[in-house]
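Shared between the two complexes below is subunit A, which has subunit B as its partner in the first and subunit C in the second.
Our next item is the complex of A and B:
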């Protein structure tokens, strides 16, 4: 417990540093948000008045102090391109992004880990080779290309999925709001119609988003498992006549959990980044597509807030992982 | 351990299925009659199905936009997409009549001013006073009548706006006078030949002061960013700039309900996705389709791919402050070297028109003549360069803004063409904001520039782009004759007189080779053949109230 509190306190300077970096970056990048806001054809004096209104003509250090104190109070600023507070925009879009990331992670783990284990157990078998090819593709195919290809094939060519916009078809009601996650809410309310529509909408983006992570997770699982299976205690277990499935599934598996958890944690960071691309391609109403628009419109506030929140999420995941290590491996203590 | 887990999982499933007996938004989804009831049930959560509330057989229009606009505030919206929503929710005093263009499509006639909230008007002989009578039937969405006070309130709001106050100034309005509840007189400080052309713009939408009572100007602006207070044909149920917008036709619209019942606007940033959606028939209208993608859609018999003349032009800015480019012969040589045909045919797949003189064909004052027009002639270009003393060659940089593939492709063709006359071109690609800063501070040699006139008037266009003190005169072009003509034309009260002055000015600009005009863009709209009465406005903004399905 003491350890957790210590870790949380350690986060504060890191967050301040991140605030400073994102703030400076957005100010160093050329381009005048007041000009973008006023419109390209607005006269210079109008731009000047808007600059004043937004506080952009104050000294930069003063702008930073104002910014930090606002963030501390939970005020992430106002996104001028939607006219709403950033915190409100985020809250509204968060469930969509969370559901997508969760589905992608589940797919990556539930497919990646078993495939990795199987490939390790049956080294150099057909499954191993196929998984290696898929892995190679997963790490080398850019996610935007994959997205467009999947849309073209599954939507345009074979008509297997509905039009790639939104989380649910227009003629279907979103499930009654409980958690904001459509799949979960529709199960909770027994709403089969909404569930079917939601799953047909989330399937492609989740597949696309998980592809890269899936490849790395299965690869890491495989290599760790192969290493573990060569250790003495596994030979001992085998010589004792324990069934091979149990040797791998129990003796082997427990010992690869720490490195595999680390990989999964690291992949979550990649998921946040790729979500921006995937959401834009699939018109997913989450935070990623919102950030793309903000960047295109030179809207500082949401981009800064997104960076800070991503860092917080990442730190939080690392903390959870560190705690999980002690659970999966009792030898680890802090 | 394992048993415990199984038990937990089982109880969770049980809990879920029990909860399932509660509210189920789609419980009656198969029965049409159940839809409306379910809609009101879920409405409390702020999540209604976009089309769900509609009755079976409703006319729903689905439109794919590239972006969702920035604001619903009429006095702050300076982009065409925001204007779409504002035009749906508000009325202006006047509007344009219709005419048919060469392709047989219905288009707005900018010389035919028609009544809207204003029933009739009288303009004084000297063009200094405009007396406007409002329609007594006109009502805001709240039921309040549209009065002279509302008009004055709305115009005052534009006047004080940081964003669009310049349009109020442009209309030369000195004072506004309320004669009675339905009559206003505008007193001008000098004649304005485009007074009604300005008044039909979405900027001059009439706001309902009753809905905004007690708010300061800032509060009104903040409120109107996401809410509306107008008298228009649609109520905006939802507007999320990055995902979608939902508009419902108002049953009690004072001009009579629109033919459509509902409009769903989907924000699809990827052009290739918009093309796919249109091709599959999942949207009725798709906007901003790249010309090269029209080839894929041309075979689809359910679609109508229309290109309209627009006021968007693309040209090569030449910085007259650059030593070499300050020489008129060098500028003329560059004009003679431009690969006009390959730009139009290869970059824009033929869906554009070569811009002969600077004023595009959709703008009044357009000059339709071969005289003074540059066509590619490399021999002549080389000779001119030699005369200017650059026989041994010349090196220039060329700025392109990122995010527009057409401009990037054009830059490469320009680079190639100029290399043939001995001009070495270095292409510099910049982010949009960076590019804007470089061009407006005249810190470049050449740039691929685009301009779309916010006000469809040659005076506005010349004043911004070619008048020596113009805000968008990136190349610092200065001609005393053009300046004198602009000043004379802006003081004139006669439209035809102004237009002929601007035609004269265009010939001077052509002789000076101020820039190299490349092409005028076509505004491409892809729509379902079942739609009728789609009327095109030169501002590119759709008026949903006029569309029938």
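Our next item is the complex of A and C:
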């Protein structure tokens, strides 16, 4: 517990640093937000007035202090391209992104880990070779290309999935709001129609988003497992006459959990980044597509907020992982 | 008396990228009931592979290519995997060299001991844990209730090897194969462990195959010794006979390597030359290139393991043709 508090306190300087970086970056990039807001034809005085309203005429250090204190109060600024507070926009779009990321992560872990274990146990078998080719593709194919190809094949050519637009088909009512996750909500309310539609919409973007992570997770699982299976205690376990599935599933798996958890944690970072691309391609009404819009319109506030929140999420995940390590491995204590 | 284990003409080959090599090349031996047989040889002579062949624990590129090992009327080298598994840990159990790495670091001692008993004995988890505590008490371990709750990293090497021995005896095995059980331990702990193994052999009515490169260990607890060289047994005799009257020149060389305190030696004795690599193909006697009494015949014809006196066999042309 003391350790957790210490870790949370340690996050503060990191967050400040991130705030400084995002703040500086958005000031360095070309494009004058006041001019954008006022419009091309607006007179110089109008632009100046907006600049004053936004505090852009103040000295940069002062702008930073104001910015930090606002973030600390939960005020992430106003997205001028929607005209609403960023926090509000985020809250509205968060469930969509969360649902997509969760599905992608579940797919990546639930497929990647077993495939990796199987490939390690049956090293140099056909399954191992096939998984190697697929994972090589997964790590090398850019996510935007994969997205377009999947849409082209499965939607345009074979019409196996609905139009890649949104979370649920237009003619179907979204399930009653409980968690905001359509899949979960439709199960909770027993709304089969909505569930079917939601799953057909989320399938492709989730697949697309998980592909790279799946590849890395299965590769890392495989290589760690191969290493562990050569260790003495695995030979001891085999000498006990227990089933091979138990040797691998118990003795092997427990020992690869720490490195595999680390990889999964690291992949979450990549997932957040890729989500921006995937959501844009599939018109997914989440935070990622919102950020793309903001970037295209030189809207500082949402981009800054997104970066800060991503970092916070990432730190939080790492904290959870560090706690999980102690559960998995009795040798790790803090 | 019928031997408990009879190994005949065991060949084990290793498949490598550039060919297949025999690492165990026709090993024959018998293990009597209640006997401790020492399997002695340098690193890489095939003694560990012999034991792993018997228990079916060979790696993916290693396989038994020939031979049989009769245990309780069955050839254990050619059983279906499920039956091999039933023997492994049950009637034939093993102890390994490095107690620090031989136990899984992430599970408690109790968990790992119980896990071994469950598939071989009709016993509940709770009974198995009680048995684990009792076994540890037999090992002379104090406060065994605490040990079963510990993780391997919390215990010392000597303690872990006791745990390993307790575990290996947990299903009342007929044969215990101990592969360098004391090599990784301090000398003082070594002696304790050897003494313990000797006592337990009587108590649990087990036969032991002790694999070691240490002749001192052999002298301490073995009844009979088989000396291995380059995948073959070159000499086998009761322990006293072997130490007093070694016949094969490799055995003589090994015994000569033990430094003596009462002789003022400048240099330690060694056997000239090196063990051939497993990839080498040697015609004739495999020890010929290093042997001081090498004859023309030795270079192209392989001698057989023939009896030279009661219970003493040797694989050497020089000895078999009456030389001393």
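In this section, the second predicted complex is superposed on the first by the 334 of 334 C-alpha atoms of A that agree within 3 Å, B and C clash if a C-alpha of one lies under 4 Å from a C-alpha of the other, contacts with A are read in each partner's own complex, and residues count from 1 in each chain.
Note that contacts are C-beta pairs under 8 Å (C-beta built on N, C-alpha and C of every residue); 3 or more make two chains touch, one makes a residue touch a chain.
On a predicted model such as this, the values are computed, not experimentally measured, just so you know.
Q: Superposed on subunit A, are subunit B and subunit C clashing or fitting side by side?
A: Subunit B/subunit C on subunit A - fit side by side.
Q: I'd like to know which partner A:241 touches here: subunit B for first, subunit C for second, both or neither.
A: In the superposed model, A:241 contacts subunit C only, not subunit B.
Q: On the A-aligned overlay, A:289 touches which partner chain: subunit B = first, subunit C = second, or both, or neither?
A: In the superposition, A:289 contacts subunit B only.
Q: Counting only touches as set out at the top, which of subunit B and subunit C does A:49 meet: first, second, both, neither?
A: first
Q: On the A-aligned overlay, A:175 touches which partner chain: subunit B = first, subunit C = second, or both, or neither?
A: In the superposition, A:175 touches subunit B alone.
Q: Touch check for A:254: first (subunit B), second (subunit C), both, or neither?
A: After superposition on chain A, A:254 lies in contact with subunit C alone.
Q: Would you check which partner chain A:151 touches, where first means subunit B only, second means subunit C only, and both and neither mean what they say?
A: A:151 contacts subunit B only, not subunit C.
Q: Which partner, subunit B or subunit C, is in contact with more residues of subunit A?
A: B
Q: In the superposed arrangement, which partner chain does A:123 touch: subunit B (first), subunit C (second), both, or neither?
A: Only subunit C; A:123 stays clear of subunit B.
Q: Could you say whether A:233 touches subunit B, subunit C, both of them, or neither, answering first, second, both or neither?
A: After superposition on chain A, A:233 lies in contact with subunit C alone.
Q: Between subunit B and subunit C, what minimal C-alpha to C-alpha distance in angstrom results from the superposition?
A: Taking the overlay as described at the top, subunit B lies 13 Å from subunit C at its nearest C-alpha.
Q: For a test of understanding, state which residues of subunit B touch subunit A in their complex under the given definition.
A: Residue positions touching the partner: 16-17, 19-27, 29-30, 38-39, 41-42, 45-52, 62, 67-68, 70-73, 78-79, 162-166, 222, 225-226, 240-244, 264, 266-270, 272-273, 276-277, 279-280, 282-283, 403, 431-434, 436-437, 454, 464, 471-472.
Q: Show me the residue ranges of subunit A that touch subunit C in the complex, using the header's touch definition.
A: 123, 231-233, 235-243, 250-251, 254-255, 328-331
Q: Note which residues of subunit C are touching subunit A in the complex, please.
A: Those in contact with subunit A are residues 55, 57, 60, 85-90, 93-94, 96, 98, 101-107, 115-116, 119-120, 151, 153, 164, 167.
Q: Considering the complex alone, what residue numbers of subunit A touch subunit B?
A: 29-32, 35-36, 38-44, 46, 49-50, 53, 80-84, 148, 151-152, 155-156, 159, 163-166, 168, 170-177, 187-194, 280-281, 283, 285, 289-290, 292-293, 296-298
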